[in-house]
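Each of the two complexes below includes chain A, the first together with chain B, the second together with chain C.
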Partner chain A sequence: MMEEKSGSLGARQHISTRFAEELEAIKNSLLEMGGKTESQIRLATEALLSGAGDTAEEAVQMDRDINQMEVEIDDQCARIIARRQPAAFDLRLIISIAKVTTDLERIGDEASKVAQMALKSTVRLPVRVAENHTTALATHVSNMLRRALDAFARLSVDAAVRVMLANKDSMEDYDAGMQLLEAAIRDNPATLKSCMDQIWALRSLDRIGDHASNIAEQIVYLVTGSDVRHMDEATLLNLLDVSTDS
Partner chain B sequence: MDHREALIAASSHRVRQGGYAPGIEVNGLSLTYPDEPNALVDINLSIPGGEVTAVIGPSGCGKSTLLRCFNRMNDMLEGCRYSGSIMLHDLNILDPATDVTALRRRVGMVFQRPNPFPMSIYDNVAYGPRIGGVRRRRDLDEIVENSLRLAALWDEVKDGLGRNAAILSLGQQQRLVIARAIAVRPEVLLMDEPASSLDPISTLRIEELIYELKQSYTIVIVTHNMQQAARVSDRTAFLNQGQVIEYDVTDKIFTNPSEPATEDYITGRYG
Partner chain C sequence: MMEEKSGSLGARQHISTRFAEELEAIKNSLLEMGGKTESQIRLATEALLSGAGDTAEEAVQMDRDINQMEVEIDDQCARIIARRQPAAFDLRLIISIAKVTTDLERIGDEASKVAQMALKSTVRLPVRVAENHTTALATHVSNMLRRALDAFARLSVDAAVRVMLANKDSMEDYDAGMQLLEAAIRDNPATLKSCMDQIWALRSLDRIGDHASNIAEQIVYLVTGSDVRHMDEATLLNLLDVSTDS
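Here is the complex of A and B:
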């Protein structure tokens, strides 16, 4: 059983209530951006599987909102650094928010690509070769993102580590889907364009999982101060003193 | 080499660059005043030579008291009692047998407000060496120039060394005081809020000077300005209620301190 290891830092109030409000505001902005990104993935996947053009258009449109949110949050980060010179937890919070924002923006880009594949498939004979794996992968990476954002809101290192460990689970559906699509192209070259669209969609979904994992790494850094990027699983678990039992 | 020759040699930038800056070992230091029985409680610190160590903490935490232990300034306070040891190389600073005058030649101090003597710029810097036995004008000239150069003030005052020090700006006066302190060849420089009365540009000059001086001196600085501690120091000690709560390299203290009390203080959550 993995023991809950959540950050209690930052629980005490700042002497400067304005600074506390600014930090709260930027955290809320980030979670709002994350929520919007989750919705965008759901819409893009729905559109890919159903071929609904209006849903796909909506997902593409959302990417512009997400891009704008990235710019605004970056601006908030710059202002806090300039005016408050944050240190320790507050400094790590601002650094983490800036990096998580970048990952969320890139998730938005990938979701937008999935939606664009859906728009292409509406004008082409749909070939649903890897539908089950695509659905499973989309569900998996959406869950990863939701859990990563939840871990951020709760400052939970354990929840973040679970997200990082979950990233490798997405490989099964990704590989299986890819094999089906490659076989379909070999069997019937006329499906090439449609299958290639699905391959690009699978790759985008897989990348979303990677970005969710990156977000989880930032939460570990935020709470513990340890940089766990590019760390293998055994070293990570040893460093954080957690087990993989669930 | 006698003391006079040593002073001249030590004031040379070239010699000082290769100079020896000893560390300070504080072991079990406790200090009481009649109305403050726990002014300092069991302080243990290993302050490396040739580095800048910052002491931070809330008002009344004991940081200036700790600093004043390093040159026995607390001896002037009636009823002050201390125990433990402070080793400067092989000298126990707190040993009653320690020659306090000789100690203060080895451990110079710079205060919050610049305190130039009411005399010329030249005489301010030459004051210590003269007391130390340097008499020849040429030797004094050399010490004064070297010290003012080290304090990054030479270019601004070289054409008016005979002017009264009081005409200098506060920032220049503080650099003059630093030049005066280093003219007597100390090994350690204590700085008690050295830039708190200065404007931002003068503050940056002092910080730049601290960075230059640490190549030749062991520097201990007390500051209320945490950004200043973060900018200038290699190590930081956080004191609260007379105790060292945390002592570590400055990068660690300001990005990921180990103690929640340190975290609360440097992020402004301290009540």
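Here is the complex of A and C:
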């Protein structure tokens, strides 16, 4: 590899091709990790609503793979920096990737919590109060996650801002589900425990949406230098207008 | 700065001193960010229990400063890597710092949520059911945070493992508080809304403990290469025995 450190034009192009390939490999690992967390969210939610213990166990077990993927991707990030000494933007991109793996790992934790609720609830949960809203929210946040990672792979500010806007929409299913569950508790306080389990599951799904949104915020900051946390909807919509992305 | 890139021994020592100074500056920024989040946790909990709206507002406002600190420390991390091209361990350390800033920023989000509960609750929350447990949990997780950052500054595996063990203890106050609140809902379902607000506040404080524990896990991984997530208490205690740290 030593010849790659020489300054001749041919060698530099060679470095740059190798760098591009390695960066592409890291991005693919990130998408793979994202795909794994999406499957985990789907399994965990299915388990919660069907009460299938084996599906729930499978979702819980996936957490270890996802943790391992975080460690491996972070190692890839450190190695590419050490070997290729990337320029400013690429360096920031790689540090961002190491931060995104944390969000994906935390998504795995939340999906695992949903699956654990399924394991607890199978015994004593005959009625699922907010089933439709839970399913809708799980689908919504999974989509947000897929779109956030796709936006990351393409460094698309436009797609990232759309994910952040979608997070505001996910509140509708969350709020509606919570209202049903709170009404159920008021009507029959004996259902408190099982309703609380469903409330925690809704809350975990909502957090998954927040993590997808955090990934989107990273992209916008990386590309535009704007810190878009706590921006209101109107300001976010402005970012869509100035974006060069179609 | 160009002379620092030469290979003479004197210049290399000069680089190494500069690097050590800059790294120290980043660590100090991280501790400062941690100190700010500790203050925010204290203010938010005080506001929740006293109902003081101005204290709550102050805690909510601190969130922006904390976000800004994350951005600045991440920039410092990218700059030191670009300028000093640190060796393998230091590179991993700096990437870890950029991951720790995310945990601190999320702690700020949780503290802000506690403060927002205070703003909501002041109007309609005459009785604070789990006041003692909430105060105890807030104190406990603040201490965990301070000790996690201190362990990070010293790269102490021993101190980091003790933070992870302390996270298990924090469950006692969380569980006891939750039981009181659930009993209160069962006794008087009309108190559901205000009890739920207190439940969310307990949950946010519990998350702060989780983030402190995440910081501790980073340290152990960085120093020992062991992924200590999901390790049981006995295995963690073994790490204390093998640690060279007193």
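Quick note on the criterion: the second predicted complex is superposed on the first by the 205 of 246 C-alpha atoms of A that agree within 3 Å, B and C clash if a C-alpha of one lies under 4 Å from a C-alpha of the other, contacts with A are read in each partner's own complex, and residues count from 1 in each chain.
Everything that follows uses one rule, which is that contacts are C-beta pairs under 8 Å (C-beta built on N, C-alpha and C of every residue); 3 or more make two chains touch, one makes a residue touch a chain.
Because the structure is a prediction, the values reported are computed rather than measured.
Colleague: Have a look and say if chain B or chain C is in touch with more residues of chain A.
Modeller: C
Colleague: Output check: A:A153 vs chain B and chain C. Expected answer is one of first, second, both, neither. What do you get?
Modeller: After superposition on chain A, A:A153 lies in contact with neither partner.
Colleague: In the superposed arrangement, which partner chain does A:L91 touch: chain B (first), chain C (second), both, or neither?
Modeller: After superposing on A, A:L91 lies in contact with both chain B and chain C.
Colleague: Looking at A:H14 after the superposition, I want to know if it touches chain B, chain C, both of them or none. Which is it: first, second, both, neither?
Modeller: The answer is first: A:H14 touches chain B but not chain C.
Colleague: In the overlay, answer first, second, both or neither for which of chain B and chain C A:M196 touches.
Modeller: It touches chain C, and chain B stays clear.
Colleague: Using the superposition on A, tell me which residues of chain A are in contact with chain B and, in the other complex, with chain C.
Modeller: Touching chain B in the first complex and chain C in the second, residues 85, 88, 91-92 of chain A appear in both lists.
Colleague: Which part of chain B faces chain A closely enough to touch in the complex?
Modeller: Residues of chain B touching chain A: 226-227, 230, 254-257, 260, 262-264, 266-271.
Colleague: Where on chain C does chain A make contact in their complex?
Modeller: 63-64, 67-68, 71, 74, 77-78, 81-82, 85, 87-88, 91-92, 95, 98-99, 102-103, 182, 185-186, 189-190, 192-193, 196, 203, 221, 227, 229-230
Colleague: Can you name the residues of chain A that touch chain B in the complex?
Modeller: Spelled out, the residues of chain A in touch with chain B are 9, 12-16, 19, 85-92, 224-225.
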